[in-house]
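Each of the two complexes below includes chain A, the first together with chain B, the second together with chain C.
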Partner chain A sequence: MSLDAAMVRATAPAILPGSGGLRGALSDLFWRKPKVLLLLMLLPPVLWLGIVYIGSLFALLAQSFFSIDEFSGLINREFTLKTYGDLFQAANLDIILRTVTMAALVTLASAVIAFPIAYYAARYARGRWKALFYLGIMLPLWSSYLVKIYAWKLILAKEGILTWLLAKLHLLWVLDTWLSLPVVGGNSLSVSFTGTFIVFVYVWLPFMILPVQAALERVPGNLVEASSDLGASPGQTFRNVLFPLALPGIVAGSIFTFSLTLGDYIIPQIIGTSRLFIGQAVYSQQGTAGNIPLAAAFTVVPIVIMGFYLWGAKRMGAFDAL
Partner chain B sequence: MTSAVSFQKASRHFGSVRAVDAVDLDIAPGEFFAMLGPSGSGKTTCLRLIAGFEQPTSGSISIFGERAEGVPPYRRNVNTVFQDYALFPHLNVLDNVAYGLMVKGIGKAERHKAAEEALSLVRLPGYGARRPGQLSGGQRQRVALARALVNQPKVLLLDEPLGALDLKLRENMQEELKSLQKALGITFVFVTHDQGEALSMADRVAVFNDGKIMQIGTPEDIYQRPKTRFVADFVGSSNVLPPDFVQRYSGQHRWGSLRPESIRVGRAASGEGVSARLVSTNYLGATTKLALDADGLRLHAIVPAGTALPAEGEAVVLTFNREHLHLMDEPA
Partner chain C sequence: MRSDGSQSAPLGLKIAAACGLLFLHLPILLIFVYAFTTEEKSFVWPPPGLTTQWFAVTWNRPDVWQALSLSVRVAAISTAIALVLGTLCSAAVSRTKFFGRETISLLVILPIALPGIITGIALRSAFSLADIPFSFWTIVLGHATFCVVVVYNNAVARFRRTSGSMIEASMDLGADGFQTFRHVVLPNIATALLAGGMLAFALSFDEVIVTTFTAGQQQTLPIWMLEELIRPRQRPVTNVVAMVVVLVTLLPILAAYYLTRDGDQIAGSGK
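Up next is the complex of A and B:
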């Protein structure tokens, strides 16, 4: 037996012949020049990204430097900054300010709500509980966005379950007091900025929880123990160790919550007041008003804001974790 | 005198796993105390009980006479050097070392001065501005030590602190730790699975197995006079001899142990002794380790390098001084 094996070893060639044919030749070529394979693999997605994606973005940017003829409604394809002049009118600035404020508040609330959930999932949940966590976070993302929003409209409506529940708990006065406040209040939650805010936070929360959880998962457990060992109370450990190490995750999550809120036009249209957000302004300018240049200029606003936001996030090390 | 650390029937059970089981222990102030045992023997859990990361499921623990059950780690004047150092990656070396003082609310200038001094103590002066990631393993180990010592703990706990270092560095650090402990007079409790480390550094050693302490004593006690087969085998891999064998040489029917270096190996027919066969030889540099087969009993002998040796497979005769044969307490 072992003698046979030795015989086979003695007669076997040290270098095997090529498998022949086109496949064999290609395999050998790709092995010798791995860059050829890389080029072939990347060409289609790069073409897609370069032409369809970036190209349309530049077309949009170009549109914002055209203007509309106010009498004929036709687009004047000559370079002008007039549209940007229109953008900075008081009414439009109002829209921008409102949207940015909402995006900032939604981001802040998402971070505050997401942290304990992410902390639990990263530190304590194991096995089945971890699976349940992922399911709980992801499940809402798998169902239709519109269905979720209409469901919230029913929950927040005057006849809805929330009002009913608060009435049962004899807490209706809290809701009424809140709704009587200026700006955040209204006839019911479903037609107030508070309602818009609640639904935004609900819809974007998973995008905050997941990166924060990923960041916390990378914090070794013994750092928390070391902090405690060195005399830090749980609060001090949170401020000095956990929060700084989770910050890149929070910033990464905030990029999602902030930019998604900046661009959304469906939630404020279904739940909220009649006052516009940027997304709605774009929608109405390019649709009913037919003012493509102003719509394009509005679109540039979130791009510029996000540009600054990402620059700041990069300086805070948010991408080191990616 | 009150003990620095005292365990009274302290247990830590995780479900059905008895990580630490009814351990009694007294560590004297200023002592260099080693906890030695294989992995999973409960030595690290004991250390975590002192640090406060674990709470005993039964029994009591006191530190300098004060009861420690239910006291969180941050209220214990005890500091730990972690196995993988656990330095804060987002802080530079100086802020890492000053962390304990910072959370106590000591001003920046004062705590940075103390941290600089601690860094000089571990021979890393001027490294304060670096990040932990820029240091070598040995340097990180020193920073972790400085970070613990700067708080002037009553007890310093070291969890396999030299495990990740290479041999040369480990030997240097062993000497340094020992002289540091002498100079500072702080009680050191040192966890290791390396018996050489425990024997060379500690004033006293506790040998752990299966959540229990098998034996506590000076390194010499542990090495020369093991009480049980486990201790004899684990510390210095002594030859454990069965009662029948021991009876022939000592007259007593008890388990015995014989250090490998106590066995002399001679050629067959060179006189009386235990006849055996040489199975294999392992060259270890200063010494050579021989594996022997004495009528089915596997023995090891260590002889100085350069000794003329019979060939593998040859018959040999083993001799030893009767007083080197140690009889163990463990019943036959």
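Up next is the complex of A and C:
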């Protein structure tokens, strides 16, 4: 503010005249009855989320109790548990098991890779480096999801940079041996479960780093020093001091990595085998197969799994680390 | 051992952290190289030659422009809706304690906590039950729903830091509720709202999973990219678009960071 403006301000009356009319009346009403204001503020967001979102979720849940007529392909709008029964067919159980295993492995790998980054950022990075670390985690987190997947398609392609690099290092035989293995192998990395796994870890990793870092920020540095003063080796300090204190953060991060892997259908579609994950099953059931009830029942699986997961996480105090 | 907190990290930790950060950034940098490659048919590395001709080719592609314009319009309107709803909600939650306050927070976070495919298929089945045809507005409906949380998170963090006594002082000096909002509350939360708005824009601009369920024949830029990933038509054009998308999303993130870096380190965390 310039000096002139400040002078004008200073000479103006400090107490504003009361405003009359509708505006004044409304203002007075809000002051006397704060509940009215509260209600008015809450109404639009609650209506929007309640109708658009919760309403849709219930519409979805309702559909999972319908069934599809196998001959006509029409949806039979009568209450039945038959569709849920279909979930337990061997092929569908396979899909669920495959997805949960992948989610667990992805979570584990993200935790292992995230820990050193989070620990360094929380304990050693200061000033400029701290900001750099923060942006270094935030930029990949916010970069376009599809672009990230696309980048890995470039990397994992048979003619891509990874093969080239391994060839230069004379390590191509390692890749070939790995690809010849059952389950994890395939024609090239971009059409194997290994590729799917790498991309999942890459895309969800920042979601793990942030809560782990938040948990580690709260560990006082002298705790680690006390541990080593008392004769613990770095490994012992990690096992007995750091890890238990970081665990709520890891669990909080695993909520994201686990849930996001359970629901994703684009990554396994672009980089992976033809064997389906839950997300792909949902997508193909509602799209090409037109079996919306089964698709709806499939989406209930991650909701139930995440429900149990969140319940367990809450008991471990993971929500304080978010 | 010194205990002034300035000791340097063990070498192993340094290497592991550096490798982790490289793992996060190298793939994105690779996109920049591929945007200039002369190779059309494959993803061969190293690029046989470098050229800038694909930028001109992309510039003259009407489908890219249409997708871009749809994405920008959807993101702008969704952000506007999210700003209004998110601000109202955060103001209500941080001003007063009331019954069901925790439930409101959960309600706001839910659309982003549940996997996108659930949000997507839920909206789609609701549209089909209610016989709503797919349009521009069905896309906006979905995007605004999950954008609310970003604005909400940023605004709540700022409200927590803003002292309530300023509002009381303004009222004591005779300002009515609207004047207090205009001259006291708004200037205090403005940068947080700006940051939240930019993040919401970035989130909407990039969204693909929910959009595949709520868009009919229309293509947003991410849907256009997804099509190219599944059924590639002209790979070099995809490379260029990918690079531009990285640059375009980079700016709002950096801006949001600089707007909120003092104090509340919220912007962006928990996408």
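Quick notes on this structure:
Heads up, the rule we're going with is that the second predicted complex is superposed on the first by the 280 of 322 C-alpha atoms of A that agree within 3 Å, B and C clash if a C-alpha of one lies under 4 Å from a C-alpha of the other, contacts with A are read in each partner's own complex, and residues count from 1 in each chain.
Quick note on the criterion: contacts are C-beta pairs under 8 Å (C-beta built on N, C-alpha and C of every residue); 3 or more make two chains touch, one makes a residue touch a chain.
Note that the coordinates shown come from a computational prediction; the quantities given were computed from them, not determined experimentally.
Look at A:Asn222: by the touch rule set out above, it reaches both chain B and chain C. In the superposed model, A:Leu262 lies in contact with chain C only, and not with chain B.
Applying the stated contact rule after C-alpha superposition, one finds that A:Pro244 touches chain B and leaves chain C untouched.
With both complexes superposed, C is the one of chain B and chain C in contact with more chain A residues.
By the document's definition of touching, neither partner reaches A:Val184: not chain B, not chain C. Of the two partner chains placed by the overlay, only chain C lies in contact with A:Pro45; chain B stays clear of it.
Of the two partner chains, neither chain B nor chain C is touched by A:Leu172.
After overlaying the two complexes on the shared chain, residue contacts for A:Leu105 are found with neither chain B nor chain C. Within the superposed three-chain model, A:Gln236 lies in touch with chain B and out of touch with chain C [touch as defined at top].
The interface of chain A with chain B overlaps its interface with chain C at residues 222, 225, 228-229. Residues of chain B that touch chain A in their complex: 51-53, 72-74, 78-80, 82, 84, 86-90, 99-100, 102-104, 147-148, 151. Chain A contributes residues 14-19, 23-24, 26-28, 30-31, 34, 37-38, 41-42, 44-46, 48-50, 52-57, 59-60, 63, 113-114, 116-117, 119-121, 123-124, 131, 133-155, 157, 159-161, 163-164, 202, 205-207, 210, 221-222, 225, 228-229, 234, 259-260, 262-266, 269-270, 279, 282-283, 286, 292, 295-296, 299, 302-303, 306, 322 to its touches with chain C in the complex. Per the touch definition, chain A reaches chain B in the complex via residues 220, 222-223, 225-233, 236, 240-241, 244-245. Only residues 1, 3, 5, 8-10, 13-14, 16-17, 20-21, 23-25, 27-28, 30-31, 34, 42-46, 81, 84-86, 88-89, 91-92, 95-96, 98, 104, 107-108, 110-111, 113-119, 121-126, 128-129, 141, 144-145, 148, 171, 173-179, 199, 202, 206, 208-209, 212, 222, 225-226, 229-230, 238, 242, 245-246, 249-250, 253-254, 257, 261, 265, 268-271 of chain C touch chain A when the two sit together in their complex.
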